[in-house]
């Protein structure tokens, strides 16, 4: 037993003490910090979905009509279809890098809950893509002739809706991890599941534009988000484990 | 974590007590054993592992050799629970690891072919995030580990700018920081110069001296001085 | 004790032989019921006082729509069993289900749109049932696409099982959100399964068709399952015996 004492106490695993294990929240914030830092080091990946969102919004006045009264009528559809497609664009990178360099493997073998770690990653993804989209949506609204009073409604509905989109996307990205060139398959998997978000989100936006109360569809959107938070990380973790097998 | 009163929040200590039935972690050290019993693994049509048996105890290192495709990586991945064996069991301290995989994972460190590092982050940041998920790290500890593998001079450069051998050294620093009894290493000496290969040997030696155990897939014999070296040759069938 | 039963159930040769023995029973009873249902539905029942003879496509449409859902559920349950108990035969069942379910969904869509012509004067109406059916069709396509994306059968089985389970949880959410969406944009759609208004001479053949279609699904499933088991077990000695005898 003497040689056990040979190593420096602080790096010996025998000396790993009670205070050693970070709490769930510490781990979650560590993951968030990591993903945010990584994202800002390659900012182009952040900007591209936003540029795409702006571009899609620009296509409609060019294709349909520049007349604001008409654009206002289709604004909810434009904003939500553009948001759906832009959030799809960022999905392929959600787990791909981590899978390729073995980081995902390390998460799966860390002894911490993979479900929790993936939930934190999804949260980071929403902060980096969903939230900026939500902040941009009112701008798109203005460009489509929406009155100022309706903008908070658009902001709120896109904010809540993109949470669910990120959660659905996490499942899709985890399922297609082992698939090369997964873009088309990923949209085929996630878009049908996103339809309820589209329906409630576009409805909330439409009511906001008409100046009517939009609480009901917004509540339904929030309910979808809560449901997604409970189910999606579990499914994503199961899919990641299978893809690592 | 004082809100929990006197319940220890550390799973590692809990696991030690649960399996060894002792309050003294050093006492529990002696029964670190890893066993494989009749492990069969299929990959689609391919029967990769044909009833592999092995046993490693604290202070021992099992060196896996064999030609490419003989299943060295598959065996390591099966041991750590990534792959699911069709038949057979992996026993850690006498208990099937499938019973409580997270508890088993908390006691092992696995290094695959590629060092699990982010190209955009520095070596130090990488270790902070990678090991930080498992345990709290002080800056002093981090510095110590980087120094041990001779990485202190380029610890703050993005990993992208490092050579393959330097990346490997960062990964080795991560390994020592995990502070776990079981090391599973897949080709730990890849891309390392002669000095780097001796470093791997030295790290394993020290790990074994602390009572830890290791399992390593290698092409070249490990340079270790410990008496605890065991060999397992996997053959192509 | 209970487990010997479970293992017998999971053994491929046993499954193959049981399926072989059961297929004719299901196939013949399905054929008899479907012929009886067709005679009852097409000749014996009276024409509808509003739609005349046009409504008779109901006898194919409604059972197809019912099966499109039943098959998806079967697929998800089989996939879930395969995931949890690592039972390979369950995955073979799920794999056999997908093309059958997609075909029934397609049949429901085609008959629904044909029925739309006399009823609405157009081949396509964004009716909630048809829309849900269309989304279900996309879900089937995604499932089959994901299955085809992996070379390794085991991984393909397990990954697609996760998708099926996620999908089956979402099917009711999608359906009710579509119903909710539809109720906003047009009046209540024509209810063609309003039980109180349906006389027994119409209802009885319809119920016979439901049972007949379900038995038909069982027969086709068993046939496909046999093929699936043979392909998956092609290296096993019992398959060589079966094929050469």
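By letter and in written order, the chains are A, B and C; residue numbering begins at 1 in each of them.
In the analysis below, a residue touches a chain if its C-beta (ideal position, glycine included) is under 8 Å from a C-beta of that chain, and two chains touch if they have at least 3 such contacts.
Everything numeric here is computed off the predicted structure, so don't read it as measured data.
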{"item": "Maximum inter-chain contact count - chain pair", "value": "A-B"}
{"item": "Identifier of the chain whose CA centre is least distant from the whole-structure CA centre", "value": "A"}
{"item": "Distance between chain centroids, defined by C-alpha means - subunit B, subunit C (Å)", "value": "48"}
{"item": "Length of the line joining the C-alpha centres of subunit A and subunit B, rounded to whole Å", "value": "33"}
{"item": "Residue list for subunit B, restricted to those that touch at least two other chains", "value": "84"}
{"item": "Residues of subunit A touching at least two other chains", "value": "245"}
{"item": "Junction residues of subunit C - those touching two or more other chains", "value": "154"}
{"item": "Residues of subunit C that touch subunit B when the two form their complex", "value": "86, 151-154, 235"}
{"item": "Subunit B residues touching subunit C - in the complex, by the definition given at the top", "value": "42-45, 84"}
{"item": "Touching residues (chain side subunit A, partner subunit B) in the complex", "value": "1, 3-4, 6-8, 10-23, 26-27, 30-31, 33-34, 37-38, 41-42, 97, 101-103, 105-113, 117, 244-245"}
{"item": "Subunit C partner contacts - residues on subunit A that touch it in the complex", "value": "171, 175-176, 178-179, 182, 185, 188-189, 191-193, 195-196, 199-200, 203, 220, 224, 227, 231, 235, 238-239, 242-243, 245"}
{"item": "Contacting residues of subunit B [partner subunit A, same complex]", "value": "1, 8-13, 25-26, 29, 80-84, 102-108, 110, 112-121, 125, 129-130, 132-136, 140-141, 144-145, 176-181, 206, 209-212"}
